[in-house]
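The same subunit A turns up in both complexes below, where it pairs with subunit B and then with subunit C.
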Partner chain A sequence: MKVLSVCGLGQGTSLILKMNVEQALSEKGIRADVEHMDVSSASSMSADYIITSNELAEGLEGHSAKLIIVNNYFDMDEINQAIDEHIAKA
Partner chain B sequence: MEVIYWIADNVFGTPAILLGFIVLVGLLLQDKTASQRVSGTFKAIIGFLIISAGSDIIVSALTVFEPLWKEVFNLSEQPLGEFMGQNAFNAEYGSAVTLAMTIGFLINVLLARFTKLKYIYLTGHMMFWTTTIFAGIVVHTVGDVSFGKLVMFLAVIMGIYWTVQPALTQPFMRKITGNDNIALGHTSASVALLGALAGKVLGNKDNDSEKIKLPKGLEFLRDSNVITALTMGLLFLVGAVIISFKDTPGAEELVASAGSQNFVIYAIVQSFTFTAGIAVVLMGVRMFIGEMVPAFKGIATKIVPGAKPALDSPVVFPYAPNAVILGFLGSFAGALLWLFVLGNTVGYIFVPTMIVLFFHSATAGVFGNVTGGVRGALMAGFITSTVVAWGQYITVKMLLADTIPDTAMWAADSDMFILGPIIRFLAQLLF
Partner chain C sequence: MKFLEEGLVKVGAKAADAEDAIKQAGVLLADAETVEDVYIDAMVQSFQENGPYFVLAPHIAIPHARPEDGVKEASVSLLQLKDPITFGHSSNDPVQLIFGLGASSSEEHVDLLKKLTVLLNKEENVNQLRTAASYRDIKTIIETGEGK
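And then the complex of A and B:
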């Protein structure tokens, strides 16, 4: 399974999100490759899931991956909940 | 002895290999599979080498941008001149930068462990650029500098900076986020502080920017590639159209450099080339920082209980999305003003890169809003472009003219410009 974490510049913030998502996934026993990048790069990458904020998600509509919205990249509760809703259930 | 020399040359003297080793050690310390360790190490090495390729693309576009605007302002001064450039600089000093960054981080962790300043700096790409720019200033100031001295000097400076900077911005961060869990770890801290202070004195806190509704159409501003291409494109376009109507020898020479292509089209392609260069460099940085920072974080959380992560500037964006846009608007107005003023007075062509003007002004905007509302956010943005414009002029012309002025034009920020003269002074004192 491939997951992209996306922010505007694709550097620091999406990296923090990537680390948080990796932690959440491994706690749930889900194996996944998580990569962080900017919106433009993400729109041309294939993936199963893209995790990003509400504003950036608009630029990724129509992407083959399933979009998951997380607005606070540092809130482990929100990340856990989003993963439970979209990935763990699937 | 020969073994030591061999290692010094081929491992410590080859930045990509040294970085690969540092990342490998980091990955060994984490709970990673063998395949993740291999791919992580390889990506770090490749990422570092990609940076040089991207830097050359940026320089090629800047060598068109500079003479273009020089001609618009009728400046006849010498161009950028002879400088090493990021590519050659990496080959000679890249290892020192890499090592200084690593040791500097360890100093940050130790300071957090044993002092009250419990902040761990995790914005890896800015760690890299700050160390690089400061290394450029030291090399420019003292010329021949020994590897060990350069590494130790930079490591101590960086370690202190990465510990103290988040502490200075934290009082305002508490107001913005409403808690004390995360800190700002970013080179735009100085303009964020100046913005917050200006907002306090001249703004109106009650006129909170989040009360106004902004049009949805501005959302594209969050994609760094789009805003960079858009604004550089506008500047190239305006410059090219003016040149097309001039018949001075300089203008004719520029138009001739486009060959059979229309000059305006040629200039627009250059703006996209500039953006492409930045995208390439950022991809390289992403590849090695993405492996390095998780390792750093793993080490830090083991050693420092109760540590607060100091994070990249967009952490504050969700708390005041309107202030983000207002900061950008204030900053953009300032950038155009300073492009004109610097060009006409000191004869310097300011390169207003949108990474700085958007992400950093946005951060300052959020800080300005928390103390001074709408007016505070706009002022904070204006302050950002003011510091960056004059800072870029002084830094490029005086602090690192023969090392990496190309990098200072697009990857240096307010903190580096403000601390630059201090680094120069310390380098003169200690080397």
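And then the complex of A and C:
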């Protein structure tokens, strides 16, 4: 499974999101490859899921990957819930 | 790498608006000589172009630009505002803690973001950082927050 964490520049905030998403996925026993990048790189990359903020989701509409929105990047409860809702356990 | 050292933190600051706050967080980095002055402009430009997506959580913004925009050393500053301001984010406004990130392409960059994530993943730490009255308070929160 391939997951992209996406932010405006692909440098800072997407890396923070990647760290927390990887932690949540591994605690659930879900094997996934999580990559962080900016919106324009993500647009042309295939993936199963894209995790990003509401602010940037608009720029990714129409992408073949399923979009998952996280509002608070530091709230593990929200991240866990988003994963439970969208990513079925393998 | 420099992570929230004394010269990189300003407590009880005042900012007119989001751009002003981003600039001030950038000036803290430039004064500590971890970024060049042009990096501050790049931080503001990123906000203008990409919007307030870097308001990552309630009360918290992490403005930054790219390593090639003038970063000399991986670094994190903190501008703690006396009065929170609006960045225009749909769910995380108003912002009180602005962490200026000198984004480097080195391994240190990853280490810095890990430290920041460990600190901010705990809501209790965030609340304490918001009410801290001095650098000494902030330092205590960082030290105990990392130890937990």
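FYI, the second predicted complex is superposed on the first by the 87 of 90 C-alpha atoms of A that agree within 3 Å, B and C clash if a C-alpha of one lies under 4 Å from a C-alpha of the other, contacts with A are read in each partner's own complex, and residues count from 1 in each chain.
Criterion: a residue touches a chain if its C-beta (ideal position, glycine included) is under 8 Å from a C-beta of that chain, and two chains touch if they have at least 3 such contacts.
All values derive from a computational prediction rather than experimental measurement.
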Q: For A:80, select first, second, both or neither according to whether it touches subunit B, subunit C, the two together, or no partner.
A: neither
Q.
Looking at A:41 after the superposition, I want to know if it touches subunit B, subunit C, both of them or none. Which is it: first, second, both, neither?
A. first
Q: Figure out whether A:71 sits in contact with subunit B (first) or subunit C (second), or with both, or with neither.
A: both
Q: Please work out whether A:55 is in contact with subunit B alone, subunit C alone, both, or neither, and reply first, second, both or neither.
A: both
Q) Where does A:20 make contact in the superposed view: on subunit B (first), on subunit C (second), on both, or on neither? A) second
Q. Which of the two partners, first being subunit B and second being subunit C, lies in contact with A:9: first, second, both, or neither?
A. both
**Q.** Between subunit B and subunit C, more extensive residue contact with subunit A
**A.** B
(Q) Output the subunit A positions appearing in both contact lists, the one against subunit B and the one against subunit C. (A) 7-9, 11-13, 15-16, 19, 39, 53, 55-56, 71-74
Q) Along subunit A, where are the residues that touch subunit C in the complex? A) 7-9, 11-13, 15-16, 19-20, 39, 53-56, 71-76
Q. What part of subunit B is in contact with subunit A in the complex they form?
A. 122-126, 181-182, 186, 219-220, 222-226, 279, 282-283, 285-286, 289-290, 293-294, 297, 309, 311-315, 318, 321, 355, 359
Q: Please give the residue numbers of subunit A that touch subunit B in the complex, ascending.
A: 7-13, 15-16, 18-19, 22, 35-41, 53, 55-56, 58-59, 71-74
**Q.** Touch list for subunit C against partner subunit A, complex
**A.** 46, 49-54, 56-58, 60, 62, 64-67, 89-92, 101, 103, 109-110, 113-114, 116-117, 120-121, 123, 126
